[in-house]
Amino acid sequence: MYELINVDKKFPGVHALKSVDFKIGRGEIVGLVGENGAGKSTLMKVIYGAHQPDGGDITIDGTKVRFQNPRQAMDHGIGMVFQEQSLITNLTVMENIFLGFEQQFVSYGVINWKAMAEAARKQLAKVKLDIDPGTTTSKLSFAQRQLVELAKVLTLEERIDGDLVILLDEPTSVLAKEEVELLFSLVRELTKRASFIFVSHRMDEVLDLSDRIYVMKDGEVVDVVAHDDANVDAIQHKMVGRDVDKEYYREQKQKPYQVEAKPLVAFQNVTATGKYSDISFDLRPGEVLCLVGTEGSGREAILRTIFGLETPSAGAVSIKGVPVSKFNAQVGVANGVGYIPRERKVEGIVAGMSVYENMTLSQMGNYANSGVLRIGEEKTLARRWIDRLAIKTPDVYKDCGGLSGGNQQKVVLAKWRSAGSDIILLDHPTRGLDIGAKEDVYDMVREMSDDGVGIILVADTLEEAIGLSHTIIVLKDGNAQKRFDCSPGDKPSLYDLVHHMI
Amino acid sequence: MSNVLTRDVLIKWAPLIVLLVLVLFFTAMEPRFFSLRNFARIGISSAPALMVAIGVTFIIIMGSIDLSMEGTVSVCAVVFAFAFIALGGTLASWAWLAIPLALLVGGAIGLVNGLVHVLLKIPSFMASLAMGFVGTGFALLLTGGDRIRVEDDLFRSLLTERWFGFPIMCYVALLFLLIAWFIQSRTTLGRNFYAVGGGEELAHASGLNVNRVRIMGFALAGVFYAVGALLAVGRIGIAETATGSNFMFVSITSVVVGGTALWGGIGGVWNTLIGVLIVNVINNGMVVIGLPGYVQDGVLGILVIAAVVLSTDRKSVTFVK
Amino acid sequence: MSFIKNYIAQETITRRNLLLASAYGVGGAAISSMLGGMARAAITDPTVAWSYRNRTNPYWNEIVSGGEAFVESLGKPKDFLTHLINEGSSEKSLADVKALLSKTNGELALAIDTNDAPNARPVVESCVEAGAYVSTLWNKTDDLHPWDFGDNYVSHMSWSDEGPAEQTARILLDAMGGSGGVVHLGGIASNNPAIERLAGLKNALKDYPNAELLAAEPADWDTQKANQVMSAFLTRYGDDIKGVHCANDTIAYGVLEALRAEGIEDMPIVSYDGNPQAVELVGEGKILATVFTNPHWGGGITAALAYYAATGHFKPSDEPNEHREFYGPTIMVRPEDAQAFKAEYLDSVPTYDWKDFWSTSNGQIQYK
Amino acid sequence: MSFERIKPHLPWITLLVLVLVVGAADSNFLRPSNLISMAADIVPLFIMALGMTFAIYIGGIDLSAQSVANMTTVVATIALPTFGIGAALICILAGVVLGGVSGFVTTRLFVPSFISTLAVGGIAFSAAQYMSGQRALFMDASLRDSTFGWMTGSLAGIPSELFIAAALVLGAWFLQSRTTFGRALKAVGAGEPAAVASGLNVNRIKIMAFALSGGLAAIAGLLFAVKLSGGSPTLANGFLLPAIVAVLVGGTPLTGGVGGVINTLIGTLIVAVIRSSMLYFEVDATQQQMVFGLILIVAIALTIDRTKLRVVK
């Protein structure tokens, strides 16, 4: 019913979509996979009307259509479920659901809040969410927000007579396992009414949910696989254009860490009120320690404590044997702690500053004589690390905001590694990266570990956590539930972890 | 949970508490401060400022800023006065048409302001600053520097006629405050201001015509500036190029003191009412307790900082510029 | 803060020395030799310019109308007069003057109020340097004198506001029956006229032991500010206020409206400047007195002085000091003569002889 | 594509075009002596704008600059007889302290700089009124010349003010582009959270930026007091909006991290040219302000580099 024929899209210097054919039938769930930069997001934007194609046709039930903006696409039954951040947090749930479509509740210019609440409750029921529609969105959990997003798109059901096509963009990235299950069962149920396009970096989920899978590479659709024929390795091969290392998480490179060495970081019964309580662990050189838990289990707060952004209320933290008394980021950096934050674009790099400026941001003192920078040396350093990590950038002057996600992540890593940080905190380091970039990150983790760097990881997926770490601590509601040792070949199973998480 | 709730409640009511503390303080220093007649005086000086501040509240909720109010107020006041006199010079004649005309002019200037900001993609700070110059300049061009007196007793009853101790202009201001509240809470446009302020890109992706909301916001603000201009003329019976002066900093300060955040999305017209009252109570109180003129600017500064500090939810703010 | 006291002590000494020095012609010789050299023969057709604060104040509008009347007397159109508006910024005032000097190559006859007293020196110095002719009005510092600059700094006219303000104060105090509280609403605090007008009130009060100055607050020459300050005064002093002394007419308008809001119609008020609206109010008895400084004439004559010096009609350095620094005329307007005054000065603007510079002068400016 | 390449150069192209347009109307304008004197006259305003640049560069604003300059005209005049050249240090110190207070209130008390600097400006204004006894003061001419004569004299026909401005702009440029402080400012302006997560002491950097702004405002006031040989609590009135306009027209938008001191230099000159052009085109007195506003809209529309603005608010 919905079809793209020969669609082309060019941006200055980039041929983003090369005569793409794409089709989705009634009630179908279509997966869309590809590395970053393969053209997935451009394709989605064309579908929901944010971009207009330069060539080719879009048809619905054989009729040609052209959308000038997302609004027009919506009027044709095409909706988009963004990642959870796309709700406006200062508005109520019902306002978010009907944002831009308030007119139906307006009589004589007045919004009838009662009617809107009633209608919102109906939408929320579709996604089995039982909350007050008048709740301010900022008070919801991430999973609830994701469902509200879905409920919002499902309002198309009442508005549009024809069929619905709903795009799901990385809907699971912040969800815990059981929340993902819930979402998927919901989506399957909803196929009675709508078709779905499902975009995710999590290959297992795509395979699980989709009827057919479009594989994109370099702006082209390189393969379309039916659910029953799908196989992770084959798809990844198509996406990356080469065989993907079977040892995805580089387990074979995992070496034992220095158990006897003095701990780099030591937590003794540390509590941060409202965030986590009574946490104790030691991080030793070469160790990859993974904190596992659901969103809000205290993982991030522990990382932020080590870096100095969070002051604990009780217990003792010491770094390299020295008790930490003052908690701020300057102290953290001085102690050799490097922090690779989850919000890469916001906290990791400074968009608007060049590659070399970003790399030395945390260590400007090393490249300055009494405050005057030695810019030549900065650039030399940047070039060395660009080579070492194979960062794809035309030169050291390139605005970091213009790099791809993987390369941005490499710049962030280079920033800390080049400064000699030997305690690295990784918060979702592979989030939103494609396979190739992920592999690079995994390689770097192993390398750092070999160099005797202590790493604390909050992983994007449980598999990643299991694959990478020497040690796993499972957290639940701010309390440590269980500690696992993960020597190669003797790793805990997914079930073991989930069991303690919830 | 109850802990969080009380903090929320406290922050929500902080501006009002600040206002009450100020009133108590000035009353303690000078009991005559606490009298109906003085409150009426504070009401008179607050009424025009409140209208202007309400206008800019909508803009600030959107996360933008408007610095054009001084020019807009002057133009509206002057146009009103000219038209009023040309059409008969008393409300009992066709001259009442000058009132809708002034509102129209205010809206039109706001519209132009919004168009310059949105279509030329100039940040609102700069666009409105420049439009403010244009407005003041235009008012000067109209008057050639003269002042126009509006003597009509019927119109001036805004000031002279009192109900329950307060002059009519206070009730007019109250009426428009209610209208603003209605717009803010019960109309699509009002709610869309919050959406734009909470997340412009997200609002756009939800199919909201953000540019239209912005332009409408500036036009609406212009209408409220015009109301402010009418009350300002009603207060002193004179329309001139200087009618709008000093409104800019006072109105924005009032909005922020009332608890509406400059980064958008939070606050509203009731906050602005409290903010305007805080600023005017301070100004009135300082003279009433006999503070020397030369320290008043400094004291106002310190009190404003204190008021903003007390009414800011510091836990929700990571950084401030 | 002892250095503030130091400064004041030092300042009085240097000022005295300077006065002495200039009396002996020492300072003058030194400065004119420093700055001279550009003095030129008469300019045949200088540009005539008026530099003033803004157009939103009726006082300045009157000044400008005088300037325009003067250029019309030369047989030129009104817009022959170049306007420099400083918007209350000394910086802009100076920059505009310099730009105009450059544009006209120094062939300029400039009448100016420099906005702030310290600004007079650089303005005069740059005019002298460019060979232009300048006459100043109102603001200049006490150590700056036209005779120290040869011919190019033609004249300075000001008004001694203390005397007239004292007179209005007496009228006010008499109307109050010589007793009760007075409030004063002043101009921008650091402005010279604002200081003098308050001083006048204080002088008068000495003779009225039963009257009391309750408070004096700056209202910045601004109607709206005056309105608010008066309201607050009413709260603080209530019925103790028996009279209001305003530093100028625009302030009085704000005061009147603040009183009107309270239903107070018979409060004795005096003001200053003699604007048409104020004169009307005097006629109606709502203001007891205002002082007319004839800004129309002042605006015209200041420009005329600069112009006729530039064209060589008279040589300033040949004139006595009382023709270089002098007080302008003042006319007291009271209810009984408001009608006559209005008929003479306002209803139709009298035609002045713009070469009669000094006949209405109130004498040479005196420094304290 | 070629337009993309021109974009960063638009501010100075705008300036050049304006100069040529005015010059075409009246060639007197193009005389070197006129251009030099125009540049020299704008120096105090430029110095204030230079300070303002740092506040705007980190995404804030400094509305106290004018009051700080007002205060320093008074302080300079009062302190000159007692402290001589030391008066300059007192002024600058006072400016730095007031700027630092603004910065402290902004960063530690979470008061937006729009409000905090306005309030601190009120304090400075009160101080100026108190110290001056609310009247205009003047400097002893010989004392001024012996102590600060070097500020107002000229060298090889070029006014010393221009050398002072050149020294300050070079210093500011060096600070902005060659020092860790300048780099940190850029990081704070362009991406504050990332600067925090890189271990920069963001609060200190912001306080220093405001202190620098206050210090430069004080220098502007000092220079102006010397130039006018006096001080008054209202002497520097009318500086604030032109200074902000100069920064904005130069291409340093309020979103932070873009632009810089060279842009402000150009922006100030644009303001100076627009202002004198009123005279050269003999714009009617009652129309000047409106025309200024209109030209301003055009100039900002031309000079602002929108590719670096993420959202236009």
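Labels for the chains are A, B, C and D, by order of writing; each one numbers its residues from 1.
Just so it is clear, contacts are C-beta pairs under 8 Å (C-beta built on N, C-alpha and C of every residue); 3 or more make two chains touch, one makes a residue touch a chain.
All of these numbers come straight from a predicted model, not from anything done at the bench.
Chemist: Which chains are shared contacts of chain B and chain C?
Modeler: In this structure, the chains that contact chain C and also chain B are D.
Chemist: Taking mean CA positions as centres, which chain lies farthest from chain B?
Modeler: Result for the farthest chain: A.
Chemist: Counting C-beta pairs in contact, which comes out ahead: C-D or A-D?
Modeler: Result: the pair with more contacts is C-D.
Chemist: I'd like the Å distance between the centres of chain A and chain C, where a centre is the mean of that chain's Cα atoms.
Modeler: So the centre of chain A lies 71 Å away from the centre of chain C.
Chemist: Taking each chain's centre as the mean of its CA atoms, how far is chain A from chain B in angstrom?
Modeler: Computed value for the inter-centroid distance: 43 Å.
Chemist: Compute the distance, rounded to whole Å, between the mean C-alpha positions of chain C and chain D.
Modeler: Distance between chain centres, rounded to whole Å: 32 Å.
Chemist: Got the chain D residues that touch at least 2 other chains?
Modeler: Correct list: 129, 134, 193, 196, 286, 288-289.
Chemist: Among the residues of chain B, which ones contact at least 2 other chains?
Modeler: 140, 144-145, 293-294
Chemist: All pairs of touching chains, please: list them by chain label.
Modeler: Those chain pairs which touch are A-B, A-D, B-C, B-D, C-D.
Chemist: If you look only at chain D, which of its residues touch chain C in the complex?
Modeler: 26, 28-29, 31, 33-34, 37-38, 41-42, 44-45, 73, 77-83, 129, 131-132, 134-138, 140-141, 143, 224-225, 227-239, 242, 272, 275-276, 279-280, 282, 284-286, 288-289
Chemist: Would you pull the chain C residues touching chain D in the complex into a rising list?
Modeler: By the definition above, chain C touches chain D via 1, 3-4, 6-7, 10-11, 14, 18, 55, 64, 79, 82-92, 94-96, 98-100, 102-103, 105, 116-119, 121-122, 139, 141-143, 188-192, 195, 218.
Chemist: Which positions of chain D touch chain A when the two form their complex?
Modeler: Residues 1, 178-181, 183-184, 186-187, 190-191, 193-201, 257-258, 308 of chain D touch chain A in their complex.
Chemist: Mind pulling up the chain D residues that touch chain B in the complex?
Modeler: Per the touch definition, chain D meets chain B at residues 58-60, 63, 105-107, 109-116, 118-123, 125-127, 129-130, 134, 192-193, 196, 202, 241, 244-245, 248, 253-256, 286-294, 296-297, 300-301, 304, 306, 309, 311-313.
Chemist: Write out the stretch or stretches of chain A touching chain D in their complex.
Modeler: 12, 307-309, 328-330, 332-334, 339, 341, 343, 346-353, 357, 360-362, 364-365, 368, 371-373, 375, 415
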